[in-house]
Amino acid sequence: MAYRENEAEAHDEEHHEHHIMSPKVLIGTWLGLMVLTGLTVGAIKVDFGAQANLIVAMAIAGAKAMLVCLIFMHLWFDQKYNVMIFFGSVIFVVLFISITFIDTKRNEPFRDAYDATNKPTPEGRVLVEPTVSPISTSGSDAAAQPGELKVPEHQKPKVPWPSQLPDTPRVAPTAH
Amino acid sequence: MKNFSGLLMNSSLDPAGFWFPDQASQNAELVDDVYFFIYWVSIISFVIIVALMVFFVRKYKRNKPDHMPPKQSDHNTVLEVGWSIPVGIVGVILFYFGAIGYIDAKTPPSDAYVVNVRGYKWAWEFSYPNGATSTDLYLPANTPIKLVISSDDVLHSFFVPAFRLKQDAVPGRYTEFYFETKEPGTHHMFCTEYCGTQHSTMGTRVKVDPETQEKVMDPETGQPMVENQVFVLPQADFEQKLKELGNPCEGLDAASCGKLLYAKKACVGCHSVDGSKIVGPTFKGLWGSDRKFADGTSAKADENYIRNSVLNPKGQVVAGFNPVMPTYQGKLSEEDIKSIIAYIKSLK
Amino acid sequence: MSAPAVDVGHADYLKHAKGILSWLYTLDHKRIGVMYLIVTSVSLLLGGAFALLVRAELFTAGPTIMEHDTYNRMFTLHGAVMVFLFIIPSIPAALGNFVLPIQLGVKDVAFPRLNLASFYIWVLGACFLMWSMYDSAIDTGWTFYTPYSSDNANAVSAAAMGVFILGFSSIFTGINFIATINKMRPKGMTFFKMPLLLWSLYATSLIQVLATPVLAITLLLLTLERTMGLGIFNPALGGDPVLFQHFFWFYSHPAVYIMVLPGMGVISELIATFSRKRIFGYSFIAFSSMAIAFLGFLVWGHHMFTSGQSKTASIIFSALTFTVAIPSAIKVFNWLATMKGGAIWLTTPMLYALSFIWLFSIGGLTGMFLGTLNVDVHLHDTYFVVAHFHYVMVGGTLMALFGGIYYWWPKIFGRMPNDKMGRLSALLTFIGFNVTFFPQFILGSRGMPRRYYSYLPEFQDLHQISTVGAFILGVGILVGFAGVVMSLKNGKKAPANPWGANSLEWYCSSPPPHENFKVQPEATDPYDFSGWKWDKRTEGYVRKASEA
Amino acid sequence: MSEAAIDADAAHEDDDHGHHDEPFLGHHFKDHDHQFNTGKLGIWLFLGQELLFFGGLFCAYAIYRGMHPEIFVEGHHFLDVNLGAINTCVLLFSSLTAAWSVRMAQLGNKKGLMLMIALTIACAFGFLGIKYIEYSHKFHEGILWGQLFAPSPEAMEHAMHGVEANSRLHIFFSIYFVMTGLHGIHVIGGIIAYAWLLKRAAAGHFGPNYYGPVDFIALYWHLVDLVWIFLFPLLYLIH
């Protein structure tokens, strides 16, 4: 393998160990995975609180994933670059999910307000009696809508203002 | 082309007038200031880059194919870091002022006057706190305004260049922005999020006579007239306008009221009254005719049929047309529908 | 270090095997590269034809030559064909496939079958896209925004599946390039001795591998939404249309760098070769490619400042956006510094490279307007944006592609391209491009929204200038193609190294032999041009006697 | 299949210019190690893109779970934890056999290799069988995705005990069916790859010098397992 000696930079990288897993390690890992599976199923009997439940479940899944990655996929013995690719991809997934999540979470009130009057169902949105005024969702003061303008009493609204919606629910157009 | 050279002449006196429409909101001032800061930074950088490029090309020309430049300098870390720093500083400045203006436009004061904006294919509908609605936007002058925007069908985007503001109308949620109007004036508005066939007519557009489908010309200037605009009115005029909008059909018979609604509620975009086919079937000769539907059934065009077609347009799609019409449930009252039926009846 | 001997005398790859089947079944990266070059060029002409129809329609304010719906289909097809069929595969898959293994001195890319598979996946994806055109043609814009695309009678599903498939072509090319560069570099070529084109292709490939799958899943969900009523993006069913935009731009912003990074790599090669001077700030250019690739993943939200995205997210994305300005600026400055004190030879490829710098500078600088939050709120979705990204993508990629084609054409086909036509084409595209797109900055600032079939009369003058420019640009591109294609018939026979460049591809004959090199040569210093002297007889450069 | 393409390439045999003494060594590689390392890098890159591909679905999951946690609590009542747990065990066992098949190939044990591959394929079919039971049960009760979500009153009563379901419940099932469905398609892809491998193993292609394809397909199979390791608690184990 003459080419290796000449590639100073790649010397260690290219050295492949042909690591063979012993039956003990393989079976042991598998047993570990089975135990963790039992643990995660068992954990639903215990309530740690809504957030903590998810964290416990994900922690166990993470531990199982690490076992599979490091031993079954022999990442523990693999070249550094392959490890980097895999965990690099994980980092990009996390970035993608977390940034999108931050945005969506912060917009929740704007959607909830809309849902309050237009309920989404498999058949398409259905108008319902509103419980909150959408105008109040911006975070600013809800009481101050019309400002100083005086509206004549006799003028009845022709089109429902979001806080004055019709009594009967109606079915909005469906997607298809 | 004549106009363009005229505009160029103009620009030497007033670059803002060349690049931008009027400033009609407090927000516009900051936007323009930041814009022109970047504008000058860009022009200076660009001139330097191109001047150097041209200078090098002329000065360091290859005289003969074997000409080898004597010095092969390959890097200079101080220089590299040095020219990155100004880029970074400009970036920080721009980010700061951009964010300030943006946060401002997203943070309405509690006493802002609220107008609801609803986009649908292919028109805007503005509703005011008294329940009045309009297809033009009327705003009081020198007042803080908050627009609460929503959409009935697909994404739209409400854009008023003179306010330097735009915001998407997203179905399933409310979006909003705030600004403060300045002096009374008339401005354009647009839809800037692509929304289908008539996207380009959703907003200020050239006025077309609903009956002849001809452009309407301004008798004084000879230029085409436009409709669907933003009117910033003095406070008193604004209140007067709101009253009128509250009851558009006052004093009109049913068919005339229907004709008014036909224009106002954007029926005009898809249904002609002269027999031509636009997006939907024409209204001319509709009344009493036999309608053949895409699913093979048919019906006679009577009150019931028209009412159904308005409220549940996808239920009975006439053969040869696409089911694109949105429902007008909630947008037209029972009275309105009767007026429209009367109008269709009158179109023999 | 002794330089590899110029390798001449084996049967070249074009003559190695005959018949159409020897092309269709070929595993040779050079032939695959040539096939990509042909199909992407056809795509460019097709997309260009759509563009001219769009511009012709916009010549007058009202209806000019087509209906609303036809216009909407034309601009959508222009975008979809140009982005997915042309820009993304053009430089990496066509030029990259040809040049990358030879620059490494290897016989082929790491996975030749996968390479051919990528090509046929591309063809399959393109067929889906064509079928969707034949069926009813999409009118959603190339961005497929929901809910317009989820509730639309047109052939969106077919087109979305086409783009889904094209994505896999892109992913596999990326995998192939990364594996090749990582594992098959010749003796003596460390990462920091690679030609800069390889760095930019490496960065591009990383983006292709990491971003494209997200587009794939997005379009799959969109298709399922349309065919099976899934409702993840459709607000009528409780879905979130803004979520679609997050998904879409997580791919499509990095995709902008898939489009422009390879172009930057080509320009780095051209500037150094034609200045006959070591590239200035090698490691800064190399790192800036990687920095752009990484930062490109973190700024997708700047396409969504007005979309209903939250304030917080917009502010974060705006801040991150400005960080991309630094590596981009570094590249431009380094190119200028390379030219300083060089021996500049104004060949056709160099003219393209210079117009790249001009156009890319405008594209980059106008990016600052759009990264600034409150200014973007005004400019978003107007012609300003249209002009900006055309300056980057067309000014960037198209100029670099033509520069690259004229530069490597002698290597690919063994014929010198027609220099006069090349220069004419460089001039025409440059003028046509600026006349087309500069007025659009003015239009955009004044508030002219994009994707408009008709517009207010006051915008008409600028639109007419733009349309005239588009036709000049079209002529320029046709002349450019004519200049190279005609050389196949009557072009002068190309020497092995017509430009005096020193990366490995210039060490094998033009066109290269079937397996490039009998044995993998040792690495050369790609930016040391001193070993070559002009040879009058072949009108090319040959190794100086002392080293030959 | 893409992973098969990488494997095929790692064994790129080209009649006119291969290494004539080495039937499975590509002409452009220096030796088997070089070929193996390159192929391995290729498959890891492929797995990286698979992660991002599933990442989109996990993102959709995270968004909706963040917005509407109630639909996940309600939705999981419709799923059978026992079947999910059994399927997890089946997949974990197949991962063991997949890892063992690599060991067998490295040792040059042809019979053992074929046995392990056959066991892996059997587990994959077992997994799909159980999935079929789950799916057909749901189809039967009208528990479908998105717009088609129309559960029978009995199914509703069984899961919700008379409590009115959230109006967005159908989105849980959209996510459930897309995630498990795409995972199922990956399982089918794995079966095809393993069938190809079985044929080559029977022909005696693999040994200590050349076992790249066995290793690469096992890596792919472990990734399919990894995805399920997360899907199981995210979809079935909610409370």
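A, B, C and D label the chains in the order they appear, each numbered from 1.
Basically, a residue touches a chain if its C-beta (ideal position, glycine included) is under 8 Å from a C-beta of that chain, and two chains touch if they have at least 3 such contacts.
Just so it is clear, the structure is predicted and the values come from calculations on it, not from any experiment.
The chain pair with more C-beta contacts between its two chains, of B-C and A-D, is B-C. Comparing per-chain C-alpha centres with the mean over every protein C-alpha atom, the closest match is chain C. Chain A and chain C have Cα centroids lying 33 Å from one another. With centres set at the average Cα position, the gap from chain B to chain D is 48 Å.
Centroid to centroid, with C-alpha atoms defining each point, chain A and chain D lie 21 Å apart. Residue numbers of chain A whose C-beta contacts span two or more other chains: 3, 81, 88-89, 92, 96, 100, 104, 107, 110-111, 115, 120-122, 125, 172-176. Looking at chain C, residues 147, 151, 182, 210, 214, 225, 229, 231, 235-240, 242-243, 246-247, 308, 311 sit in touch with two or more other chains. Along chain D, residues 34, 37, 41, 45, 48-49, 52, 55-56, 59, 63, 146-148, 167-168, 170 each make contact with two or more other chains.
Counting only pairs that meet the touch rule, the chains in contact are A-B, A-C, A-D, B-C, C-D. Within the complex formed with chain B, the residues of chain C that make contact are 61-62, 68-69, 72, 139-141, 145, 147-148, 151-153, 235-236, 238-242, 275-284, 305-308, 311, 314-315, 318-319, 322-323, 325-326, 329-330, 332-334, 336-337, 339-346, 354, 357-358, 361-362, 365-366, 368-369, 371-378, 380-382, 442, 445-447, 449-457, 461-462, 464-465, 500, 527-530, 533-534, 541. Residues 147, 150-151, 182, 185, 187-188, 190-191, 210, 214, 225, 229, 231, 234-240, 242-243, 246-247, 250, 297-298, 301, 308-313, 316 of chain C touch chain A in their complex.
The residues of chain B lying in touch with chain A in their complex are 107-114, 116, 125, 127, 129-133, 140, 143, 146, 148, 150, 153, 172-176, 239, 242-243, 246-247, 313-314, 326-327, 329-331, 333, 336. Across the complex, chain A meets chain B through its residues 107, 110-111, 113-115, 118, 120, 125, 127, 134-135, 137-138, 140-141, 144-147, 149-152, 155-162, 164, 166, 170, 172-173. By the touch criterion stated above, chain D contacts chain A in their complex at residues 30-31, 33-34, 36-37, 40-41, 44-45, 47-49, 51-52, 55-56, 58-59, 62-63, 66-67, 69, 81, 85, 88-89, 92-93, 95-96, 98-100, 102-103, 106-107, 146-150, 167-168, 170, 208, 218-219, 222-223, 225-226, 229-230, 232-234, 237-239.
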